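Presented sequentially are two complexes of chain A, the first with chain B as partner and the second with chain C.
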Partner chain A sequence: MSLIERIKAIDAKKRFVLAVLVPAMVFFAFFSFIPIIYAFFISFHELDFLNPPSFVGLDNYMRLGDDTHLFNSLVVTVKFAVSTVFIGGLFAFSFALLINSVKRGAAALRTVYFLPVMTSLVAVGVIWGWLYQPRFGLLNEVLKLFGIGRQMWLSSPATALPSAIAASIWQGMGFTIVIFLAGLHGIPQSYYEAAEVDGASSLQKVWNITIPLLRPTFVYLLITGFIGGFQVFDQLYVMSGPLNSTRGFIELLYTRAFSYYQMGRAAAMAFLLFAIIVTLTLIQFRLVSRGKVEH
Partner chain B sequence: MLKRRSVGFVKWIILMAGGFTMVFPFYWMISTSVKIQSEVMTIPPVLIPTEITFARYGRVIHELQFGRFFFNSLYIAVAVTLAVLFTSSIVGYVFEKFEFRYRNAIFIGLLSTMMVPSAVTMIPLYLLLGRVGLVNSHLAIILPALGNVFGIFLMRQTMQSIPNEFIEAGRIDGAPEFTIFLKLILPQTKATLSALAIFTFMGQWNNFLWPLIVLSSQGQYTLPLGLRMFQGQYWTDMGLVMTGATISVIPIIIVFLFMQKTFVKGITLTGLK
Partner chain C sequence: MKSRFVTGTLVFMLVFGMTLAASAEVTLRHWDWHQPRMNIKLKYMAEYEALNPNVTFDTQVIGWDDYWTRLMSGVAGGDVPDIAQFHNSQTQAFLNHLEAFPADVFDYDRYKEEIINFEAAYLFDGTFHFYPVGIMSGLIFYNADYWEAAGLTEADIPKTWDDFVEIAKLLTKYDSAGDIQVAGFVPNGILGVFWLDLHYQLGGTLYGEGAKTVAWNNPAGIQALELIESMIFEDRVSEVGFLGFNEAMGTGHAGMAYSWSWLGGELDNNYPDLNWGVFRLPTFDGKLAPGPVARNNHETGMSVMRSVRQENKDAAFEFLRWLYEDTDYLIEVNLVLGTAPSNRTLLDDPRIAASPLISAIAEQVPYTNIPGEIPHEVENDYGLGMLQDLLFFGYPAADALATAEAEANSVLMERAVKWYVEDLYTPVTD
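Up next is the complex of A and B:
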């Protein structure tokens, strides 16, 4: 039988499945599976554009251990992830509670808080770079009203990272608020009414009803926040401070791979990041399944 | 009673202050872009422009190529979005409604790639695309984005709630499988499709790192790349930089204001399950 005859002999259902799956699998093989394997191969080699790859064994991975640039970039990244998740999360939670408690205008408020989420991180970096500008920037002018002297913001190694983090929190808060609001809507009003009968204060209600019942939301935001935070690039690259003070993990990887052509070392770094993300995902699974047993 | 009222007042003060903080940077961006040159970089800053000029917009769009960057961003994002909607829904449909060998194993294999950070595939993809001569072309951005595992997962979830009787009825009527998918199944997934469309479009529109890696000639730049380059070149002329920022930010915000409901529904649909 020729190939065409064989295909004709297959029934319509099977033909449809094959017509969809085969191209899909070829696509993911080319753009996902093969690159992952290739990256693994690269991580055991020294590779630039000029020379053929030379095998170096575990060297690229061993060098991760005593790499001060890598260590610094990890410190920057962890600081970024921890502050955006916890400080940003606390702000978002407080605002979500406030928005949830108003009777009128909640939708309008949500819209306003969501505007920065629609803005690209590059634009956020550019806009805040202007607000932070030490000489003509608006923020120093505002501080002057309160009698506070001129700050260097992104131009000083001490304040660059916190300034970039603040702008990131500003950008991402609306997203977190929307997720919190969705969770808050899922809590039955009767719980609060029962607590009111028992004479609970607003804070007690938040502490004893809202927070425990929002546990899945907290776990989700915590883990996705860390996974995203570890891969931060755009805003730190655009709002870059002096002396690598805002150079995060991905920026170092990008610089090594595409400016210094140390592809092998960069690939090893990428797998370190992969390991971190897998660990975080596993922790999430643990936390979620434990939560299910309790309820 | 008095106490309750004052609590409500404080609440509104906080919410308004927060809202002001959210909106003000946008006001500052736009107002900087339309101020006359002598009011842009001054001490103290000019809060409300005395005169308004749109002269920078013409210059930024034509002479400084922002019109081109805008077009590049737009057509890449539209192409990728349309493709992702199609591939995600048809592959999700096949995984949900057809039985075949290794179905679950293949699906789990696909899902597991979602854990792999893009940093891992960045280097090999660059080398592979370079070998076939696609680096520094928009295809280097579009091609790898055509299939989306998250989209497939999302569409498969959505298809679960569609009864199989629909498909059977179509088959009895003698409709080809593809027609069944296109005419009977796809229209029922509109809500998820529009959420997926918005997320895919936004992701592409704001995409920065991958275009930064693969695009090297300025004519090919997308908006984020153009804006970044602008910031480096014209840091002494914030009027120009803010004009570029406004051009890349405001259209998407207008679209958002129209599609808000879908958007918020999309986040709760995709974010929390």
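Up next is the complex of A and C:
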């Protein structure tokens, strides 16, 4: 039976499914799967793309352990991911609760809080860089009005990372708010009405109804937030602080690959990051799968 | 009859073959990262195409950050331009992929005589792979309006660092709260590079013997860094967290700033209303000789990629020979790049003399040194680039140098410098 005859033998519904799936699968294979396999292959080689690769076994992985810059960048990345997920999440949740209660002007408000999400990360970084400028930046000028002395923001190793995190939270919060709002809209109003009849306060309603029923939303944001946080590049690259205080893992990986041409080592770093993210995600799944709430 | 026919046929084939060969179409692909330089090249390429109808050019400008990634992936994938604009910071990575300029087309002996640092900066195993175009170094830029307002004239241009500090103090302006409004001298953002020039002036070097380590934490290095420290913390001609040198100059917040000569082009392009001037680096005793008084680096020209077809290589070298013999092209490119011509015979050209910027470099360049390759990490992230931050955040000079030195040495342990020519500097006698 020829290939065409075989295809004809498949029923129309399956043919449609195949027709839709195959292009996506081919795209995925060429632009994701094969490069991942190839990256795994080169992680065992010394390779700069300018000379023939040489097999080095596990050397690239072993050397990761001795790399103090890598450890530092990992610490920066963990701080970034944890802060943006938890502090950013807390702010977004609070704002979502407030916005959810707004009846008039909700569309205009949505535009305002979502605008930073639509703005280029690099543009945001440059603008915040100017706001943070210690001598002539707007933030210090405002603080001066309240008698607060000059802050170094991105220019100090102590405050650079928190400053970059704050700007990133501002930039990404609109997206998180939208997800929370979608979750809030899915909670039946009758639960709140019943709670009101029982005399529950606003805080009690949030604690006993909203938070438990938003659990799937929290899980989703926790997992995607950590994955995104661990892959941070643009924000920290543009809002860089002194003494590598904001140099994240991906920036170091990028530099190793495209400034130092250490492709093998960079690939090994990528798989280390992959292992970290998979482990964290599994832990998160395990933690959140306990005590599911149904309604 | 038969032999005449055979002879006739052979002659016809020879003439026909030669005609075909002469008119064989060649398209030369060329990449550069600098649009203003490409604009000049396009003008000359059009001229060359008119002279050589069988040659056409296919050009592309790719931003600096992407340029080397593209070239690297092009080498890996067999898709490279015939002629690539080159920069010597990439020598170690790409040298094996660049074709040597053929000695029967390019006059090596003449270049050895005419081109500054030719043997140190360009010859690798007796051949060169990228054409010498210009040379640049660190200079002092100043705001000419502030200069005049302070009652200073050309005659006040300082020759020593002591005089320089006094002028920097004179140019510094504070607001009512005592904060610096105009910094008299801004090394911010380029402090490590500035420090290296001071280090050279005090007899120091970038590298230790054989470039296996850097040689920074020594009395000369400490003295150089302490001079900068005193400018900022005692004389208060700049401060921690002030604008970077280029922004400060451009926005009128600097009386003077240290920069390499490319800043001239940036100021003209981005701040066309700024009235700026420039002078060569002061020294500790006011003299340039015997030098070195600063580091220099070369703005290199184009290279021919090794992996392209032989006929393209031949056509590329023929074009490059034609182009680089044209002194007008070399002058134009140097003017747009803010570099002094590498060819010393062009330094007296009236167009060069008319440019204050290039005149200042030309005055200084014979007393400057090229160390060879400086790995990106040593110059930026884990070396010279750290000095400013370490100094600004409380490290004493010796500790700052020791920390930066240790970081730089750890890089050199992994990435040996193969192109090292710092020790070839010959002291100049005036």
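The rule is simple: the second predicted complex is superposed on the first by the 247 of 295 C-alpha atoms of A that agree within 3 Å, B and C clash if a C-alpha of one lies under 4 Å from a C-alpha of the other, contacts with A are read in each partner's own complex, and residues count from 1 in each chain.
Operating definition for what follows: contacts are C-beta pairs under 8 Å (C-beta built on N, C-alpha and C of every residue); 3 or more make two chains touch, one makes a residue touch a chain.
Keep in mind that what you see is a predicted model, and the values were worked out from it rather than measured.
After superposition onto chain A, the partners chain B and chain C occupy overlapping space and clash. Chain A is touched at more residues by one of its partners, and among chain B and chain C that partner is B. Contacts of A:Val232 after superposition: neither chain B nor chain C is touched.
Once the two complexes are overlaid on the shared chain, A:Leu243 sits against chain C while remaining clear of chain B. In the superposition on chain A, A:Ser259 makes contact with chain C only, not with chain B. Contacts of A:Asn51 after superposition: chain C is touched, whereas chain B is not reached.
Judged by the touch definition given at the top, the superposed model places A:His69 against chain C, while chain B stays out of reach.
Of the two partner chains placed by superposition, only chain C is touched by A:Pro134; chain B is not.
By the touch criterion defined above, A:Phe175 reaches chain B but does not reach chain C. Of the two partner chains, chain C is the only one that A:Arg150 touches; chain B does not reach it.
Among the listed stretches 58-66, 256-264 or 382-390 of chain C, only 58-66 clashes with chain B once the two complexes are superposed. Common to the chain B-facing and chain C-facing surfaces of chain A are residues 133, 135-136, 258.
Residues 68-69, 72-73, 75-76, 93-94, 96-97, 179-180, 239-243, 253, 375-377, 381-382, 386, 388-390, 392-393, 415 of chain C touch chain A in their complex. Considering their complex, residues 12-17, 20-21, 24-25, 27-28, 30-36, 38-39, 42, 95, 98-99, 101-102, 109-116, 118-123, 125-131, 133, 135-136, 138, 141, 170, 174-175, 178-179, 182-183, 216-217, 220, 231, 233-234, 237-238, 250, 253-254, 257-258, 263, 266-267, 269-271, 273-274, 277-278, 281 of chain A touch chain B.
Listing the residues of chain B that touch chain A in their complex gives 11-12, 14-15, 18-19, 21-23, 25-26, 28-29, 32, 41-45, 87, 90-91, 93-94, 98, 100, 106, 110, 113, 115-128, 143-144, 146-147, 149, 176-178, 202, 205-206, 208-209, 212-213, 223-224, 227-228, 230-231, 238, 241-242, 244-245, 248-249, 252-253, 256-257, 260, 263-264, 267-268, 271-272.
The part of chain A that touches chain C in the complex is made up of residues 48-51, 69, 133-136, 150, 152, 155-157, 242-244, 247, 255, 258-261.
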